[in-house]
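So that you can tell them apart, the chains are marked A, B and C in the order they are listed, and the count of residues begins at 1 in each.
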Amino acid sequence: MKDLIDILELSTDDINGLIKTALDIIENPAKYSEKCKGKKIATLFYEPSTRTRLSFESAMLELGGSVIGFSQASSSSASKGESVADTVRVVSCFADVIAMRHPKEGAPYVAAKYASIPVINAGDGGHNHPTQTLADLLTIYREKGRLDNLTVGFCGDLKYGRTVHSLISALSRYEGIKIALISPDELKVPNYVKEDVLEKNNMPYEETRSLEETMPNLDILYMTRVQQERFSDENEYLRLRDSYILNPEKLKNAKADMCILHPLPRVNEISVAVDDDPRACYFKQVLNGKYMRMALILKLLAEKEAGRAQPLKEEGDLIRGEIKCQNPMCITTIEQELEHVFRLVDKEKGIYRCIYCDSEAKR
Amino acid sequence: MKDLIDILELSTDDINGLIKTALDIIENPAKYSEKCKGKKIATLFYEPSTRTRLSFESAMLELGGSVIGFSQASSSSASKGESVADTVRVVSCFADVIAMRHPKEGAPYVAAKYASIPVINAGDGGHNHPTQTLADLLTIYREKGRLDNLTVGFCGDLKYGRTVHSLISALSRYEGIKIALISPDELKVPNYVKEDVLEKNNMPYEETRSLEETMPNLDILYMTRVQQERFSDENEYLRLRDSYILNPEKLKNAKADMCILHPLPRVNEISVAVDDDPRACYFKQVLNGKYMRMALILKLLAEKEAGRAQPLKEEGDLIRGEIKCQNPMCITTIEQELEHVFRLVDKEKGIYRCIYCDSEAKR
Amino acid sequence: MKDLIDILELSTDDINGLIKTALDIIENPAKYSEKCKGKKIATLFYEPSTRTRLSFESAMLELGGSVIGFSQASSSSASKGESVADTVRVVSCFADVIAMRHPKEGAPYVAAKYASIPVINAGDGGHNHPTQTLADLLTIYREKGRLDNLTVGFCGDLKYGRTVHSLISALSRYEGIKIALISPDELKVPNYVKEDVLEKNNMPYEETRSLEETMPNLDILYMTRVQQERFSDENEYLRLRDSYILNPEKLKNAKADMCILHPLPRVNEISVAVDDDPRACYFKQVLNGKYMRMALILKLLAEKEAGRAQPLKEEGDLIRGEIKCQNPMCITTIEQELEHVFRLVDKEKGIYRCIYCDSEAKR
């Protein structure tokens, strides 16, 4: 494994290994403080994200390495029209590992294809954000002592929330996970998540509009933001809004050891009055994200050093250059020279997915 | 002491201690070159300031530490509406000390309240900029050998110049300081500085419009910029402008060992022809600023390590949530969830001040 | 020598020395990994350039030093109207060497004049970019084993391409160099390059519009971009465009060991289908640029340490403040306090050149 683009590229063994390393870092930080001496991470952030960027940078610095990069597209050569492929080949001359954030879906996949050094997806549009999921998993593990046999509630915008989809996928590989999907009708989890993940893996789940009724059952409550602009009907938004804002009142029915997560930044979907509640784990999540990024950087550099860094494989039943990806957020829409490639994912129904952004297409 | 938000939080003993450390750093830089190994400063600059930011960054690097941060709001999560409180709690997971610059007054106070690590105010609007004052004080000390028994002239915009107000406050605690306030009528020092600082501390001062007449008396001349937009009458501006531009001609009457300070950046209020004059100390001031920031970082980290880092105390006669701060530059105007808090500063007159921006209010 | 502003400030001995150091760095990186411990480079980029900035930063980091700076003017004090002279005097308090990129021609010259530390020109408008030329030279040396007796073709925009002019100048000091200038009529090399460099040094050269006919003779092909906006006649552009795009078809007639260079970023002037051709050296060029910058930083710091850092000399027959530079891209157009200075370069014809931007003027 050379890169990390999608959380599903990691086996449960991989994840358990990363958690083990993270716990050891927490116990023995001095042991790791020179592990990456002389190494550099390049943080290529085509759109700003303080928290994620600073997390990667502090992770590398705490391993004794150093940092180069840019924090928005306007201070990069991208403003001169350089392709992602060229940029990462250039950056491969300067750094040892890349963390890339990009507004277009699939950009980190392109980067991984052309960079000679490991690429970590630090968020590509609404698509993937695997290191957030690693932060979520370590937090659950540290708070509950396990990743299996948990009832996990997801609340808010379950339609567009990439962190929700990723965490559900990651949890699908553990035993005894029950899922509660709490959202307004407008923002329900997409069907492919239910079909391809929940039902395929026989995970029990319920869909509900009521946070309050579901609260008492939850071991984990994963909050996300409900944005007004997602609603066609403003009255509907105003009617529902308050029911998805977490406050001390709503927490009264929760388990005493429930764990509240949020990918941050929050706006007002968790009241600041909740911050001092011992169940509020969203700032711990930030710290855990740093440790998991440290573990991940170590793993990718070690695999490369050992010659085990297998580049992305474009395997399967592929069609090249025949159909075009219709997703307006796909990296293929702005990079002219990229070949449009689709992979057959459902032979029976003839369904293909774009190898960059995973959008569905039929031949 | 956990943070440095306002220069007056430092006692004269604190300031003497910082000066002593700075002088030792200048004498023995090698002794300090690894003092902060493994430590990180986060420079959170919500508006750009090359000089101040690079000063903090080079200070930390010369102590063997490293740097993370952002140099303008648009490359931070602030553009997504994250509160200062949340941002600093997140950054507390990544760094050991924060230097914050913010266009809104009181933002660093909010930061200090929520960060678990020391926060240094690197300038909040027109409010405070304590490390500039530390640079001024070290420069005066190194040039004159003392901080007492000096005649100090302030020239230019004394109304809006926060560095002027801070340095006057800081000097008010030393013996034998005489102040000359040289400005057009439009830009005179505000009354509260005269009443609360100069008169309260029995500091002799004179107000004048003439730089040339005052020049011969001065040990220190602190220049600031007179901006056209401060004048309602353009003719008045044009008439006065030249009298506040320092040039070799005007320096003829000055003492041979007078010391010229300026907080920089200058535009044209000091002619470049003055730069080679041995009395020009404004670039030395920059260097001294770096040394004082090194001393300050060391002090705050040492106090935290020793468990002596007392967080901000909201003491005194406080009223909470009852009146709203009317200062349009106050951080409370943009951060919705901040409680408006005022402290009674004059019982007799019933005057309160906003704990964030120090604006006056009556109950 | 204190600074590097123009490639011609380096003698061939200097260049050979830098190449020797670079080759040693490539062979023995560990020997150099702490050479700049405790040193800092300031990357002052008044306009964005990922590749050049990250190259300087990674160069310093691989020497064990560290980095401060800004990546665009809007995050610097320049947005407050601070002059380049003041900025570099300030930065001289913080760093040990400056790399400056500026949209105005001559800005790094001004910087060198006022900074107390070495200044490296990292590109000033369309004027100079000496470290790009160092990258080109090391690449030619490593690929061909020599810098003399080569036939070098330059293709594309030879009128505005500063990297073309610099490399021709640099090569003019080696024996047996033949030059092929391949461009549309609109974009031919300026006359002063032909007269002052090629003819003065008796370098054989040919001008041609046909890349294909010239191809078989070339040892080196230096590609640049042909921009539509350079053409007054759009039809002319469309007619010519394809003939200056390098693709596998056109390479069929090239020597098997020809070396293809490009200063990057490219847009489409080299087809991505060429990238896997062993003759494509433009990504190697990036790596070589880093090594030459490492060698240059070492050289400038060593010369300063040894007290051999001679500041810029304004020698020759100079006229000061008498005529104004008419080049709208000259730094003198935006920095009001800069004295306009011209140097007599051709006594007979009475031709002067601006000491900042090298623009011609007559008295």
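One rule holds in what follows: a residue touches a chain if its C-beta (ideal position, glycine included) is under 8 Å from a C-beta of that chain, and two chains touch if they have at least 3 such contacts.
Quantities reported herein were computed from a predicted structural model and do not represent experimental measurements.
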| item | value |
| --- | --- |
| Contact graph of the chains (line, ring, star, complete, other) | complete |
| Equivalent-chain rotation between chain C and chain A, CA atoms, steps of 5 degrees | 120 |
| Centroid spacing, where centroids are CA-atom means, of chain A and chain B in whole angstrom | 42 |
| Numbers and ranges of chain B residues touching at least 2 other chains | 66 |
| Footprint of chain A on chain B - complex, ascending | 38, 40, 42, 66, 68-70, 74-82, 85-87, 89-91, 93-95, 336-337 |
| Contacting residues of chain B [partner chain C, same complex] | 33, 45, 48-51, 54-55, 57-58, 61-62, 66-67, 71-72, 264-268, 272, 283, 286-287, 290 |
